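Two complexes come next, and they have one chain in common, subunit A, joined by subunit B in the first and subunit C in the second.
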Partner chain A sequence: MKKIRLILTAALFIAAFASATASAGELNYTKILKSIDNLTSFKTTDFSAVMTMVTEDPEKGVDKKVVQQFRRDKDDKFLILIEEPDVQKGQGYLRINDNLWFYDPESRRFSHTSLKENFSNTDAKHSDFGRSSLAEDYTVTGHSEGKLGRYDVYILDLKAKTNEVTYPYMKLWITKKNYLVLKVSDYSLTKRLLRTSYFPKYAKVGSKYTPSVMIFVDNLVKGKKTQVSIKNISIDKLPDSIFTKSYVERVNR
Partner chain B sequence: MVLFKIALRNLREHKSKTLIIGIIVGLGIMILLIGNSMMDTATKGLAKTYWNNFTGHIMISGSTKGDLTLFGPQSMNSMNESIPKIPDYFKVKDYVSSLPGVEAVSPQAFGMSTIRTEGDDSESSTTFTQLFGIDPELYRKMFPDNLEITEGSFIPEGEEGLMLSEHVKEALEEDLGRKLKPGDQVLLTSMNDLSGMKIREVSIRGIFRFKYSNPALDRISLIDMQNLRVLNGMTVTAAKDIKLSKNEETMLNNVDDNSLFGGGAAGEAGSASGSDTGLVETATVQKKKYTESVLLNILGDKKVREKLSKTDSGAWHFLLIKLNNPARARRVIREINTYFKNNNINARAVDWLSGAGMIAQMSSNIKTIFNVIVLIIAIVAIIIMMNTIVISVTERIPEIGTMRAIGAQKSFIRRMIIVETLMVSVIFGIIGIALGGLVLLFLYLKGIPATNIFFQILFGGKVLHPVMSVQSLVLSLVVTATIGILASLYPVSVALKIQPVQAMQRT
Partner chain C sequence: MKNIVKIAFRNIKRQKKRTFLLGGAIAFGILIITVLNGFTGGLTDNIKENFSAIFGGQIFITGSEIKDSGRIVSVIRNDKIIDEAVKPVKDEIKSAHKHSRALAEVIFGSKTDRQRIDGIDWNVEKDFASSLPIVEGSVKDLSNPKVIILPVSTAKRLGVEIGESILVRLSTITGQQNVGDFILVATVRDQESMGISTGYANIDYLNSLLGMTPGEFQVYNIYLKSMENMDSVGDAIYAGLKKRAATEERLVTTPTANDNSDATDSARRKNMRRSFASLMGSSFFNAKNIEPWEGTKYSLITLNDMMGEVTAMVQVINTIGLGIFVLLLIITMVGVTNSFRMTILERVREIGTMRAIGMQRNSVRNIFLLEAFFTALAGAIAGLIAAGVVMFIVSRVTFSSSSFMWFFLRNGRMTFTVVPVNVLVNLVILSLLSLLAAWNPAKKASKMEAAQALRTEY
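Let's look at the complex of A and B:
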């Protein structure tokens, strides 16, 4: 009887230890996501930059856009104003929390749009331009370690917690050294690869990092891709009025 | 004559086998005749429905790599292709209008947009509509009777507005939780290659449904062309040629793990594994003071935008042509395409079916599928007949052997078997045709109701009254004779192998 009790106690102990170890592992990977969010979000300052987007489409040729980006991550706000091409000058995307409005200066009308949509014929999504919220939106369902090019990386499989996010499944390649995301594969609900994103260059702004080059590859249309380069970065305070519909209308007058 | 007498006697002697073969032939021919006559009537009905309601007889468009329909590119290899404008539209329209036998022309364009009302901020309530951009006057002249307007009225000549599809209206009302009526304003938002996302506020002029609709047409709303040109970015100025910097080109041309992260040209990486060199650069953070004046002048000169946004009044995707005599369509298409070639106009003319879209093409393909089924039935019938005749021939080995022994040539035996089979095929084929004719007469008088919208499109109306077509009749007769000849080939070879000595042994 004593023997059985001993075996049972040992089994319970092993099970409890295994479970604790597993949750500790899970916690570590979630921590990595939190670190990524923290490293790339500007919660104590505002952020502004100029982005150049070059899209190459095998059917439609090359398209280039220059946009001015304003971000206030602590309030989940951003404004993107298109500066080039001239025909699109003044078109604006204003995000306030979960709402995103598009402004057409020609008709002077706002229309509600979705963060999941592509940004103006590019392969970037509207959601790519806000703060990173991986830890809030995804759980880690798988992990491994490996190499991407010459970098030692963690490879994490993520599953969305809600259907509010752009992609239900993602695979991330993250540098072991400083938790910078190098590559992301975005999948549909049926696990079909929809898009691959590359982040080959980062800019260090104080203690924060922001990708200075992003490449988005459309995996559904062969040869279609967009490169986004970021310059003229500033973290100076922006006036509150920038993140309003009224400003978007006034700047177009 | 002797041959016929012998053949008749043989058929009489083997009544049950003759009957089996006859029933197979008769039934086959009857099904073929009824089916083909129904398909012919339906195909003519389908064509007539599309001619009079959606496509006219001929469609002109700019040239594309893949197939183009009134609903845009629909084949998998051309899904990403844009619909081109018809080059030299006014010249093309004048030429086509001057052709003899052209009854009407109507230009058209295709677009897609989301539809909302001002202040509707719900992200989940996205209603889509497909748009046919039209010239209201020419559209009504070409298709005077294709719409049922349930509320409001048609877009007046020379004015702007939206004719909202009844199906789209119902979906939108469900999203909004309120009713829509003519006079209400809606926001149409669409994306185009040239000017990106565009919004137009448009007034609903009327609510309509197509008299003959299908799931592809249910989502179509009609809009004046000025608004669609803005939504589609059909402007006077074409997109500029973009020159990329060397760095941009290098990055875009080498998008793979090793080029970007393995120390290649784009990576500019250092050598140590895991090093940050090349991956992270310290940014030169700019000091910026956003005063009111800086903020309001951030876009610079905006006048050029207005100039570039000017729409092209000659921009259309399609020109639909209605002829006095549809039978001339092929000749007119050839004539127009020759004109395009001689004048270096990068456009093409195609028949109505090419422009009609997948559902119409699918309906048309059903006839082909039916003919394949008939072919399979015919092959089965030939095999059964062949088998039955072979049994009959085997039973008559002594008789055939004796005939050979008393001097009958191989050719005589061959002709005898062929005549036997042909007689069965022709007699029962005629019976099959007669029965098929009676069934068709009955169906013509009674009519076959189209139980759903798909059959309405397929039948070209709510009831199909099948008519026996000359084509089907000729085809039935040809098939009868062919079956007869093919079915007798193998039995003939069996019969010819019979030697007189075998006959003696069996006797």
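Let's look at the complex of A and C:
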């Protein structure tokens, strides 16, 4: 009888240990997502930079854009003003919470657009320019370890928590050393690969990191990709007036 | 009376040049106003026809749900409410269709194109497939759920051939990215130059890509037997929907005294824009500053609702046209008055003779009035004939399919719709002005004393 009790106790202990280990593992991966969000979001400072976007489209050729980006992650606000090419100069995308407005200086009017849409015929989405919210939007459904180039990485499979997130499934390659995302594969609801994003270079800004080069490859349209280079990064405080419609109108006068 | 008519006719014939000039001026006025009225009438009809072809019907019912996140999605999950609302007016309906709709990106190799795609239940809508203007391919076998029919212009741009596979990238009704494989089975002709063209796919497969289940749909399209009943049928269905479920306020062109506040109008316009976007294939919207609701909220929109601004524009054109017509007539009538003054001077002795042999004053006056009336009538008939010829010739001209004018044309041609009431109104205005122009000279002629008139020499 004692033996049976001992065996049962051992079995229970092993089961509890296995379960604790598993949940600790899952918790770790969720923590990694939180770390990524924290590492690349600027919640205590503002953020501004100049981005150069070069889109290669096999049908439309090469298109270069230079834009000024202003972010205030703590309020979910951003403003992107197009400076080049001349035909698009003055066009702006102003985000305040879930609202995103597009300003056209030709008609001098604002129109509603969606964060889920691509930014001005590039392969980047409007949402790529805001704060990271991986932990809020996704749960980790699978994980493995591997190498990406010379980096040791965690490979995480993510599933959207709700049916309102743009990409229902994602795969992330994250450096083990400092939890920087090197590569992301975005999948459709039917689990078809839609887009692959590469983040080969990061810039350290204070205690935070921001990708200084981003490459977005459209996996459905052969040969279509956009490279975004980020320069003149600053975390200095921005005037509140920047994140207003009147500012967007004023810079176009 | 018969003699008076005869004399009036004889006088018209006697002064052919004058009659020709006066009648010609009147004919020109009638020509302008008739062609203008015909043009605006045709324009309105063509825009309605083209809208009807683009959206697939004349009355449209859409449904929307509000999610916990505050997002509005376009979906109808229960068709019983609509079926019951439509029942009382089913005799007025030619056909009704339940479609899903996506604004998608069609991809073939490195080529892409934006395309609206309608999900059709091919088993229910067998006639719909056979009524499509097929350019290439066949719609005989649509059993494979992945078949797609594309506008020929889209297929050309993509460089895709019949039997080849294409990808369709779209957003689910809740805004998630999704992709489906399709096989092109046929291409159809459509009015692509209007900026809106439609492809067709199996509703169940499209629903699965849109995140909807079989049996659900997004737009209930109604084709009427007669477009003239659009408002009454629309009102009846809307009343039926309102009785059974939550409904969006309709945008009316003439608000009543109780509902003409700016706020209400602005909200209605927002609803209208959302309904319109749903018709175009957009599935989700932000619900900021909108009162939440339970279940499905129905929205009804008719072509006439969409045509409000077009109708107003046509009315303005018609009013300006009528103004120009009246101005032309007034100028002509000054000529008529002067001509009749001259005529009376020329015919003083003749008037004296007629009065001497016993003709009454009223009869003398009527001769001149009838002369003016017949001249105007002859001018009007000539003007109508000339207008008919002009409209016939212009309506034979085919405009390029890439022309922006296509939206106002029917099969690339301008059409004219002449409304008999409008013609009658124009003729009445013309007749009254002619009689008015001739009234004073005629009155003066009737007041002449026979002896004095006979003594007069010029």
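Miscellaneous remarks
To be clear about the criterion, the second predicted complex is superposed on the first by the 237 of 253 C-alpha atoms of A that agree within 3 Å, B and C clash if a C-alpha of one lies under 4 Å from a C-alpha of the other, contacts with A are read in each partner's own complex, and residues count from 1 in each chain.
Just so we're on the same page, a contact is a pair of C-beta atoms (placed from the backbone, for glycine too) under 8 Å apart; a residue touches a chain by one contact, two chains touch by 3 or more.
Computed from a predicted structure; not experimentally measured.
Aligning the two structures on subunit A places subunit B and subunit C in clashing positions. Of the two partner chains, neither subunit B nor subunit C is touched by A:43.
By the touch criterion defined above, A:162 lies against subunit C but remains apart from subunit B after alignment on the C-alpha atoms of chain A. Look at A:74: by the touch rule set out above, it reaches neither subunit B nor subunit C. Looking at the shared chain after the overlay, A:99 reaches both subunit B and subunit C. Contacts of A:194 after superposition: subunit C is touched, whereas subunit B is not reached. When both complexes are overlaid on chain A, the residue A:245 reaches neither subunit B nor subunit C. Within the superposed three-chain model, A:186 lies in touch with subunit C and out of touch with subunit B [touch as defined at top]. Of the two partner chains placed around the shared chain by superposition, neither subunit B nor subunit C is touched by A:31.
In the superposition on chain A, A:178 makes contact with subunit B only, not with subunit C.
Here subunit B and subunit C are compared by how many residues of subunit A each touches, and B touches more.
When both structures are laid over each other on chain A, subunit B collides with subunit C only at 189-197; the other stretches in 9-17, 27-35 or 189-197 stay clear. Common to the subunit B and subunit C interfaces on subunit A are residues 57-59, 98-99, 112, 114, 221, 224. Across the complex, subunit C is touched by residues 57-59, 98-99, 112, 114, 116, 160, 162-168, 186, 188-190, 192, 194, 220-224 of subunit A. On the subunit C side of its complex with subunit A, the touching residues are 67, 69-71, 107, 109-112, 167, 169, 171-172, 174-180, 209, 211, 286, 288.
By the touch criterion stated above, subunit B contacts subunit A in their complex at residues 80-82, 114, 116, 118, 120-123, 126, 187, 189, 191, 193-201, 230, 233, 235, 237, 239-240, 242, 244, 248, 251-252, 255, 257-258, 260-263, 266-267, 269, 271, 273-276, 278-290, 295-296, 298-300, 302, 304-305, 308-309.
Interface residues of subunit A, counted against subunit B in their complex, comprise 48, 54, 56-64, 68, 81-83, 85-91, 98-99, 102, 104-107, 109-114, 120-121, 148-152, 175-178, 180, 182-183, 198, 200-206, 209-210, 212-213, 215, 217, 221, 224-225, 227, 229, 232-236, 238-239, 241-242, 247, 250-252.
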